[in-house]
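Naming follows writing order (A, B, C and D), and every chain is counted from residue 1.
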Amino acid sequence: MRQLPPYSLFLVLLAAACADRASDTGGGTMVVVHAGSGTSPMLPPLAVDNLGRAIVDNVYERLAEIGPELNSIGDRGFTPRLARSWEWAADSMSIAFAIDPRAQWHDGRPVRASDVRFTLRLLKDPKAATQYASLLENVDSISVRDSLTAVAWFRKRTPEQFYDVAHQVYVLPEHVLKDIPPDKLATSEAAMRPMGSGRFRLARFEPGVRVELVADTAHYRGRPKLDRVIFSFVADPGAAVTQVMSGQADFFENLPADVLQRIDTSGVARSLRYPGLQYGFMLMNQRDPKRLAVAHPIFGDRRVRQAISMALDRQAMVRNIFDTLGMLGSGPFSKALADTTIVLPLFDRARAAALLDSAGWRVGPDGIRSRAGRPLRFGVMVPTSSQARMRYAVLIQEQLKSVGAQADNESIDIRAYVDRLQSGRFDALLLALATDPARSGVRQSWGTAAFPPAGQNFARYSNRTVDALFDSAATTFDRSRMEQQYHRAYQMLVDDAPAVWLYDPLTVAGVHKRVRVEGMRPDGWYVGLADWWIPANERIDRDRIGLRPAQP
Amino acid sequence: MRRLVAVRLFHAVVVLFLVTTIAFFLLHFAPGDPFSFENPNIPGDVRDRMRAEFGYDRPLMEQYVRYMGSVASGNLGFSHLLRVPVTQALGTVLPRTLLLMGLALVISFALGIRLGVYEVRHWQKRRARASNGISLFIYSLPDFWLALMLLLTFAYWLPILPGGGMVDVVMHEYMGPGQAAWDRIKHLILPLTALVLIVTALIARYQRAALLEVLPSDFVRTARAKGVDERDIIGRHALRNALLPMITLAGLAFPALLGGAVFVEKVFSWPGMGLTLISAIGVRDYPLVVASVVVGAAMVVIGNLLADIAYGLADPRVRVR
Amino acid sequence: MPDPLLSVENLRTYFYTDAGIARAVDGVSFNIGAGETVGLVGESGCGKSVTALSILRLIGSPGRIEPDSRLMFEGRDLLRLSEGEMRRVRGNRIAMIFQEPMTALNPVFTVGDQIAEVSRVHEKKGRKVAWNRAVEMLELVGIPAPAERAREYPHQLSGGMRQRIVIAMALMMKPALVIADEPTTALDVTIQAQILELLGDLQQKFGTSILLITHDMGVVAETASRVIVMYGGEIVESAPVDRIFANPHHPYTEGLLGAMPKVGQERERLQTIPGTVPPPTNWPAGCRFHDRCRYSWERTERAHPPLYEIETGHLSRCFLAEEPQRRAQPHEPMVAQS
Amino acid sequence: MFVEWLRGLAAGVRRLDSVSRAALVILGALFLAAMLAPVIAPYSQSHQIDIVGMKNHAPSLAHPFGTDRFSRDVLSRVLYGARISLTVATLAVLVSAIIGTLYGLTAATLGGVVDTVLMRLLDAMLSIPRVLLLIAILALWSPVPLWMLVLLLGITGWFGVSRLVRAEALSVREREFVVAARSLGAGAGRIMLRHLLPNVLVPVIVTTTLGIGNVIVLEAGLSFIGIGAREPAASLGTMFQDGTEAFAGTWWAALFPGVVMVTTVLCFNILGDALRASLDPRHLHRARVGTGTAPLHTAE
């Protein structure tokens, strides 16, 4: 049975510690520094990168917000947002959401149930090219009972039907977007001037330089504590770290491990560890990159995959790269949602060598194994944008030499990496995926139905039994049967060893010492941004700007 | 003179056409395109639809013809990175680089020539040998390292100057005119110093070599025989002749400066053309990358043309014929 | 003899090259009187130009004028002057005319500017005065339409014209002494005569003494009143011009005269002096002309001849002065035998 | 013909002053150490001693240059790095020299329309700033094997040499002995090889020596933008760049490769300057030559 994951304990403590904050009238400006100079369109369906999602989560609103434990089953833990309350139908084939009458769009127009209907229709419209069509597959449609009641109808009763509607959908303003043809959405003006109903409003967007949000003081759920949040762009992580340490910036979400000591002693900022949903692994392509229909000449054989998993000293690698920040990978999920009872292959080079021998890979004169003239040699692809995975590639390459396998380091530009990832043109690669809070989301990455281009099963791993177990677990309402089925599916998947579960990064942010942080959740540091605050006596020059617009 | 300019302009157009073609095919042959997003969660079919919208799924030659047609009619396409038409993107980005490069060029030439002359005039003195040694040392340093050291020294260990960007992202709009001007200068100091150090070292070396080339000439001996003092011998007679090769160097300095600017902009997050180009290449922003490379080339071609004209005016042997 | 204008005493100019010390000028002494024209002759490489440049102290490293030399000019030793004082002498009291008119002028300045510069440096009467003086000088050296010519650049003028510009520059401040280093060598014969005539006229007009350096005995015959012959960095013979041509004493002078074509004389082949000047880094021990001399004997190989005074004003560095009889046994020079 | 050319080169080298001679000695030692890297380096360049225990150790007796973040011995990597940097730079500059010389010579010998076309093509390639061209190519096709890196650096670097060669060849072509050779019926090919090539070699040698330094610096710059030799191989530039990222922490990982790189480039530049002064025919009659060259007054 899954006991309480260690993380929720951590979050409870965090909340308690800030209980003593004085009730504050709000104020202060926070500068979030972002490495890179572009952002994807700032509309919920199209926002893909971290920056885009941070802005969207604060400018738009969902019907209801998931609880801190990220429970996606039923509606336990969900707190009201645009929907003040909701009511399950007797046969639970539909849920009626009552929109909060006080809710308004930033241009002052009231939020109506028709907006919710419009949003769902847009998200499911194939021409809008959003990524949500497959995720909302079980939500049939939304009808408007009256101006303040929207009813969601479902195809089947599933444990995560409430999560699908409440968590996946940011409600969009119909009156603004209805005239824009769906396929022109990405390059439309609206994508550059997002207008929602959230506690922050867009103040300004300057391409390549900054995105500025300002507090919506008239918000029905209360104005945010901060007056202003500025997302400023810099060239690379190094520049971002320098700005945080020199006090020019207040927040950077992803500090490299080796600067922590400098940050904490800088006297200006401090490092803040917060859990993430990411899990990093080395994926082994099940299919031959040149002829995808055929099994991979090396990784097609389960014994080779298991041997490689045993040949890598995963504990030492985590310590080398993350010091105390990283946790050992525990399977196809992050620690926050892990099933810790799964048994992973243990580090044992002797057994690995024996397995390779039994699979017919004999050690050649140059120390590299080969079978039927083909050397045990494969490329390990890694994007240059991820420093951690680049370092892992170097460690893996050296360790595999000791069992007679030659891993060539293919560190390539992120775009070329994604292109080859989706087209299956790779042997092995280092990938980090975010665990979907919805347990059934695992099928998206490891189910046979989720082969690219539709799904994310890039290695084209396929195990009918695992598929069956996942499908039944996703539809049963009996909790203990569901846990038991997930457990058996995970164990079988791990025994197939399609990947080596490397690490679970504990992301670290650099935060200016005057900023008090609230409710950072694994699926996004920004979810509680509206409750972050700066004590009156510690404010500096930029905090005194307040709400007045900039002189041009 | 007018015929020379006309011929050179024709050559310039030919050159720019070649450059556009090279840049276009170079980029399109590369793996990945503007819509292979960094986030692997975007399903493949969604990407294909976006590609179709911009016509990136058409055969390459057709895209090329369409692109060249639109360039001829002045439309450089839409930038995926900055989400604005390319002309507008370049309009905001180019002046930032020109400001940096222009100032650096002017200061470096003034300093470089003076340093070159100084080193030749006092060649025995220790100071001159030292300055020659220093400029040789700076010339041997990688540009980015020099910029990085300046940044670390003056923005981190000794935080007296801002660590990057063009203006104080937050406070700039809320400053009075005087304060705002000072803020802009403060942000300009470090990148400009980095660029000036690099280019001055280059110019000082060339100026010194050019002077040493001219000094053993007969007319310098004649001037000495006339009783002209050492300062005028080098400062007037020799320098006037040694400036001619410097003019051609100015033409050649443009590509070097543009190259240097790319590194300096990356270190100081100066959102100029260099930095934008690196990011644009990262996201395969075809229209912006090709346009930037062509603009870079145009700057070089114009630079060379101006240098040739200036040379014609400066050298009586050429002008009077 | 009135006090000489310039008296060169024991001038030594050595070059410290990595191939050894080159003794280009190895102890030269002579005088030049006011208004006198002295010819300095010898093959190239015998030290004539180095002597000239030493007088104006234009020798740069690795060359050096040895400390024991003395250059007495208008009552002062030029070697003791500060650089500033020496500059006030150059172009003002002593001027120089160079051999290569094509390269002697600065290509990027107008000729008027370059001439006017002499006045601006020495008279400091401002640009306008200097320019007018320059145009005057151009007219004086026989340049037609001097005002327009002054605005032109060197590459627009002929060789002869440019040499006139150099002369104008030299005589701008009416110097006491002009050193002409092979002024006509680069010009063709007709222009040569005009230039020499111009030099002569200007000498009468301003009373300038001229040190004329050449390897062409013909030029010396027409213009100089006294001739000094140099060989191997030393003076080997010096005498009034008519005496040198009438009865040269030193075998090297004989050789030079033999090599000079004379108008109207039927002679199939001109006499040549076999061999070449020895390298200045190691002059032979004895007489430096020894291996090319037709009268050499063991003594000339061992001992270094001093300057004998054969008659008043006629010196010769040759043991024949003590053993004239040797002249009777001529033989093939040593260098021709090996 | 070749022998005199060699003797001229040797004479030029002998005339170098002390600073340039020191530079030559340092470079010689470096080349030797780099080529002997596999023999003298205590560890292989990729050997990770103990990725937990020996990570980021400061310089010690066991590891004079300390260990990097993967617990690899920095001294061994500097030796291998020097080997890669020198080979890449030297070969790239050779490629540039060969293409440049041929291109320049052909343009100068054939002249006329061919010359104009070749020159305009040259302008086109010169006008794409080399850095932007390299960034575009390498960013898209990285990782690039070393031989490809050499080729790319070579192909984008020969423009300067070809312009120089053409100018030099044009001036030599006018000289009497070439006109004489042509009047004796020598074909364009013979003229190019027998007469123009030897005279053009001097500027090529000088630019090549300077070129090597520039290529090493350029390669370091490229690794700053994330393009460079592929792990575990690393040039001085890539090692220097990796080190600077965590500069405050592990200074030795950046300092030692940096020092070796800058010294190498400095020596090449000093040597280049000195060679230019001593080998240039016009300066042959100079006495002492070198960076401390005195502005000489010529004397006969």
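Please note the rule applied: contacts are C-beta pairs under 8 Å (C-beta built on N, C-alpha and C of every residue); 3 or more make two chains touch, one makes a residue touch a chain.
The model shown is predicted, which means the values in this text are computed figures rather than measured ones.
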| item | value |
| --- | --- |
| Both-way neighbours, i.e. chains that touch subunit D and touch subunit C | B |
| Centrality ranking, top chain (CA atoms only) | B |
| Taking each chain's C-alpha mean as its centre, the one farthest from subunit B | C |
| Separation of mean Cα positions, subunit B and subunit A [Å, integer] | 40 |
| Centroid distance [mean C-alpha coordinates] between subunit D and subunit B, Å | 23 |
| Geometric centre distance via CA averages, subunit D-subunit A, whole Å | 47 |
| Chain centre separation in whole Å, for subunit C relative to subunit A (CA means) | 93 |
| Per-residue overlap in subunit B, given as positions that touch at least 2 other chains | 30-32, 152, 221, 224, 266, 278, 282 |
| For subunit D, residues contacting two or more additional chains | 139-140, 294-297 |
| Residues of subunit C touching at least two other chains | 58 |
| Contact footprint of subunit C on subunit B as seen in their complex | 217-219, 221-230, 237, 240-241, 244, 315-317, 320 |
| Partner subunit D, residues of subunit B touching it in the complex | 11, 14-15, 18-19, 22-23, 26-27, 29-32, 120, 123-124, 129, 132, 136-137, 139-145, 148, 152, 205, 209, 211-212, 215-216, 221, 224, 234, 255, 258-259, 262-263, 266, 277-278, 281-282, 289, 292-293, 296-298, 300-301, 304 |
| Contact footprint of subunit B on subunit D as seen in their complex | 120-121, 123-124, 126-133, 135-137, 139-141, 213, 217, 220-221, 224-225, 237, 240, 244, 247, 258, 261-262, 265-266, 269-270, 273, 276-277, 282, 291-298 |
| Subunit A contact footprint on subunit B (complex, rising order) | 30-33, 36-50, 53, 78, 80-84, 89, 92-93, 151-152, 155-156, 159, 162-166, 168-171, 173-174, 265-269, 271, 275-276, 278-279, 282-284 |
| Subunit C residues within the subunit B interface of the complex | 56, 58, 83-84, 87-92, 95-96, 98, 100, 103-109, 117-118, 121-122, 153, 155-156, 166, 169 |
